[in-house]
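The letters A, B, C and D name the chains in turn, as written, and every chain counts its residues from 1.
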Amino acid sequence: MGRKLHYGMVGGGPGAFIGDAHRRSINLDGMAELVAGCFSRSYEGTLETGKALGIAPDRLYRTFEEMAAAESKREDGIDFAVVVTPNHAHYAACKAFLEAGIHVSCDKPLCVNSEQALELERLAREKGLLFLVTYTYMGHVTAKHAREIIKRGDIGTVRTVAAEYPQGWLAHEGEWGGKQGSWRCDPKQSGDTNCLGDIGTHIENTVAMMTGLKIRRVLAKMDKVVPGRLLDDNDFVLVEYENGATGMYWSSQIAIGHDNSLRVRIYGDGGSIQWFQEEPEKITVVKKDGSLTEHHRGYGSIAPAAAKYARLPSGHPEGWIEAMANLYRSFIECIRAKEAGTFAEDMVDFPTVSDGADGVRFIEACLKSTRNGNTWVEL
Amino acid sequence: MGRKLHYGMVGGGPGAFIGDAHRRSINLDGMAELVAGCFSRSYEGTLETGKALGIAPDRLYRTFEEMAAAESKREDGIDFAVVVTPNHAHYAACKAFLEAGIHVSCDKPLCVNSEQALELERLAREKGLLFLVTYTYMGHVTAKHAREIIKRGDIGTVRTVAAEYPQGWLAHEGEWGGKQGSWRCDPKQSGDTNCLGDIGTHIENTVAMMTGLKIRRVLAKMDKVVPGRLLDDNDFVLVEYENGATGMYWSSQIAIGHDNSLRVRIYGDGGSIQWFQEEPEKITVVKKDGSLTEHHRGYGSIAPAAAKYARLPSGHPEGWIEAMANLYRSFIECIRAKEAGTFAEDMVDFPTVSDGADGVRFIEACLKSTRNGNTWVEL
Amino acid sequence: MGRKLHYGMVGGGPGAFIGDAHRRSINLDGMAELVAGCFSRSYEGTLETGKALGIAPDRLYRTFEEMAAAESKREDGIDFAVVVTPNHAHYAACKAFLEAGIHVSCDKPLCVNSEQALELERLAREKGLLFLVTYTYMGHVTAKHAREIIKRGDIGTVRTVAAEYPQGWLAHEGEWGGKQGSWRCDPKQSGDTNCLGDIGTHIENTVAMMTGLKIRRVLAKMDKVVPGRLLDDNDFVLVEYENGATGMYWSSQIAIGHDNSLRVRIYGDGGSIQWFQEEPEKITVVKKDGSLTEHHRGYGSIAPAAAKYARLPSGHPEGWIEAMANLYRSFIECIRAKEAGTFAEDMVDFPTVSDGADGVRFIEACLKSTRNGNTWVEL
Amino acid sequence: MGRKLHYGMVGGGPGAFIGDAHRRSINLDGMAELVAGCFSRSYEGTLETGKALGIAPDRLYRTFEEMAAAESKREDGIDFAVVVTPNHAHYAACKAFLEAGIHVSCDKPLCVNSEQALELERLAREKGLLFLVTYTYMGHVTAKHAREIIKRGDIGTVRTVAAEYPQGWLAHEGEWGGKQGSWRCDPKQSGDTNCLGDIGTHIENTVAMMTGLKIRRVLAKMDKVVPGRLLDDNDFVLVEYENGATGMYWSSQIAIGHDNSLRVRIYGDGGSIQWFQEEPEKITVVKKDGSLTEHHRGYGSIAPAAAKYARLPSGHPEGWIEAMANLYRSFIECIRAKEAGTFAEDMVDFPTVSDGADGVRFIEACLKSTRNGNTWVEL
């Protein structure tokens, strides 16, 4: 164990699922401690959450600008900020902390347009700061293993990808999705997309990180299916990658019977892999001779670069919290290495601001394709 | 049991898989007997197969024209002809038997263009003959059950469909697919399509028969992936149905790890169904309250119109042979009813020449969309 | 194809499931034809069934003795008899045909005590006749594959076995099991056991044939669970084999949620196999390094001695009918070889009268152990 | 959130898996903080672990006796002690903390004989202290749900139980199991049992807590399978419960292909449940009409008393850490309630010292049965 880092949080006030999940994930390894926060747009909300979490009152802030300024001046100021506000507010908060010289972790999608994304990329690079975008699923040991075995050639050159993220929670008219659902379906709060921005972006990121492939162009059909809905809730995207491979991404919030069913299947000329987020303890690998094997977390068949993240022996299930914690583990190790002067780029084992920017460009291109009547759009 | 019918076969000579499979399926119930054949383009081939099958020598024919003429004149002539030649030869053979007043069973796809399809439809209608197109999968008890519960409203109005038929047997350059593979990949023998015509058409038929939906338009991307391949081997098709619902069909012969993985998932506003051809003994149904149930063949939950086809109790697996046999069971019962004067249209529980014609039109539209650079084409 | 054999059937009259299933299975390959029968204890029943099946009236018999006598004298007499009566009637019928020099296929369990079993074994041996006991499940390609890979050492020396056959169809008081259920639960018709004799015997046979292990002793607890039941409906049996390995067999008719859930798991010092009758298209093999592979019917990984029985390509499911048909395929090939003078013992790939006798001894020992208060009984 | 409790740990020094797992699980909710420890038999080990964990040096103790004495006197002393030593040391440590008036959490099995168990039960009761025995698996939401639906009658009266916990990690001679394996296989450190004491006890506890059934008698066959092994590694136990129901428990460490495959299947006269520890997000429920449903964590079908423990929405997998954390959640809530004077017995939702004592008695009876040649032994 190295020094226990300090962090602050923007967002994650009363009733917010994702802030709570970030805190639990960071708790899991005890490598960092929450010491500051601006949890809510209302100061009362921030005080309430801060008290419940045992934060010192002088480190509960009215605005993130105030927090960035104050914390950057303290001797014991935060090492990194976690931004878990609604999407439209990500940009300004991330920018403030970067400008104050503080490392940033931000929930996906990174921001709402590619100009913002470029600006955040530029800032992080120029300031030499680390920037984690919490695409959780790449934290799974088996997702990392998929990446490793594709990289080392187990399935040969990728030819086609069938990936999907169906959910059913917004299949219903009216109030089904609760508070979460209502802001997500509201163009004023979610911008130009709901389904693709919320979950389609996970498909894009997971495939990109597993395969290393860059998208050349997309053809998207983003539909509003439930009567009265103002934003997309069912999206098909055809994809061509720069190496000539193809893909099909389906994301849906109206697919009754699915929860967070991110399923990625990648077919190469030497084999294939199948990975399913809801059963993250294994991946299925088939070689070109037809032999089918399952690789289970915790076994010797798991690539070392993935295996090192396991906390439990095989057969004692790890899940989503561990995946998120794995992103933070690498992020925190990199911060410590920066501090120690031992940092190297190849230590970065988490989605960065550049991956987040790719996600934003993907969404923009899909929106344009849909507006154009489902035609190809270059990225 | 009624009278045992007589049938003849065109195609199905030495080494032909599908002719053998038709014969076994018809054998299963013992409702019809093979008595005539023109099994091969070479008369020697026909004689050899005929002898092995115990057919009387005077009913082994040099051509299907000869067979149609001779059998239609016999007192004990065949009641129906089974056409299992390569695709490009279907049309002429079917036409000959229809014109001779003989019922026809023909393998899918029905024929190679929509003009031929219309002509066969017309002939069958005018002659009052029955015409089975052997899209096998709709013969499964659970596929029929899916159709029944959708028809009675269990999942409400269909909104979107995710259906696929991946295979891996043609993933390899060179000889992998054997004799089967080499003719299928040859434009001279297969026409303008391989993958979509061979298996994509099964997706189209299964979805159409389960849901009753008509396709309004398609946007297709048919790719030749394996180096040197002359016909499509990986196809994505976006679909819009006449009721406004949408769909995505993926068919592939390069998806290592899959055999005949026809999987159909149908999402309505009241629930969803998931059906998988390789595990045909069950379907999964989820209702809009999230409750997930499996319906297993052999249980009281199976709709009577589907349940009546079961031959074995639950837990003793039925498979592909039984599915094919179920198509023939209804076809033969309809022929007997025609003979008895008790036939009614609603007795027809098999894919007909009209369903086959729909399949041909679907393929034509996908080819056109691909040629046009992946644009929408109306059916 | 060789000569089409002739066979006769005893039992299998109106409403009998198992006789119908035997006939369909034999039909599948068209290697034998039903030409004679004594289907029912009532001659009217026999005439009715015979007519429906198209049997010549002079080959419909009042008794099996009459049938054995008449058929053995005919030039074109039956090559084999299929005995599918209730269990208590197996012995006399089998004996009659053996004594008349006719090969026999008999449903399991072979007979009701070990004296009968020894007598049938003796008769078959002395007469040089073939005797198939239709333990269907060993007909599955994957069950034969399990046997082959165990034989060749893939899992090393067997150490322990966990095998079970739970069903739920007799979980209910009263009429649930229908006609089938009522005779099975009646000591007058079923003898001393219901559950163990009907399905526990399948566990014994499947494990014996897969592993080649002989049982040294058993400790059984056979319970009557449903109030009012007179015969066992839930049985636990501990087993020790002659090589020192151990096993646990559970058979049940009160296990709601199961149909014919014969599951066999065999653990050696070099690996393990898991096989499940309701999903007979694959087996799972784990080696001692923890690597898990699935072997699917139709792939090159299947041992040739098993693979040769496949009729369909992988991914087009085969099921119970094919398993039964595989037993008959080998049985008929052996009869033809006897006729041709080319028969050799190692051609026998089906459960014989000796395997049937092992099953009878297993049941006797379990009954004795239960009567003794669950103590060990040597076989 | 209430007050953050303080706890100390005995055991859990360098390289100890289980101590680390307890700390992470408690971290997850942030309801308690580790402030004291005696982590190792060597004081250097304790100092090293304590430093890594950030414990104040004056609260790192040479012995648990010293720790119990010192902490019970401090104003800010620990609220509870976590005992995660090897099994034979549990008793003395637990006793010391109970006598010092400190609540205790102890790993399973509770202790090594029933006299010890009775003494710990007595002490806890007399002192009015809470005592958690960390049978982790009952912490799963779905395990609690199973208990709830059985309690409310969904499957009627329990008739039979088939439960198992196979592992493969000790299938090999020699060093396979590493350090863990070598102490577990050593009678000096593990006492009279390895397999049954380590994992068979989990079966006993899970079934007892799910069903509420008390065991009347057992018949056990505990075998030493791997050559050279001195303690049991493969155990079959037949069980009779006080209500007349029966069960079969299989635990194994030589079952290659399994990790922590605790599977519990419970059959009542009105239905059945199937629950599998390695897929803890769902349970399968079949009713007596044959209807099969899956109940998934996160859905409305989950009983409120179980559902309240979920931290993540359905489809984002929770696992073993969450299960353990759920035991601690209830334990800590009960401690707070004791402090607040609001405690009531029905708040206890974790395995207690009495459940632990049942486990010890179960093991003793199985050992006796085995010594007696596999005869029935009353509990």
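By our rule, contacts are C-beta pairs under 8 Å (C-beta built on N, C-alpha and C of every residue); 3 or more make two chains touch, one makes a residue touch a chain.
All values reported here derive from a predicted model rather than from experimental measurement.
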I want to compare two interfaces, B-D and A-D. Which one has more contacting C-beta pairs?
A-D
Measuring between Cα centroids, what's the chain most distant from subunit A?
C
In whole angstrom, what separates the CA-based centres of subunit C and subunit D?
44
Starting from the mean Cα coordinates of subunit B and subunit D, work out the distance between those two points in Å.
56
Here the gap between subunit A and subunit D, centre to centre from mean Cα coordinates and rounded to Å, is 35
Which subunit B residues reach two or more other chains?
290, 292, 296
What does subunit D use to touch subunit C in their complex?
155, 159-160, 162, 164, 166, 168, 171-172, 219, 221, 223, 225-226, 234, 236, 238, 246, 248, 250, 252, 254-257, 265, 267-269, 271-272, 274, 284, 286-288, 290, 292, 373-376
Subunit A residues touching subunit C - in the complex, by the definition given at the top
289-294, 296, 299-301
Per the contact definition, I'd like the list of subunit B residues that touch subunit C in the complex.
1, 4, 17, 20-21, 23-24, 27-30, 52-54, 167, 258-261, 277-281, 296, 298, 311-322
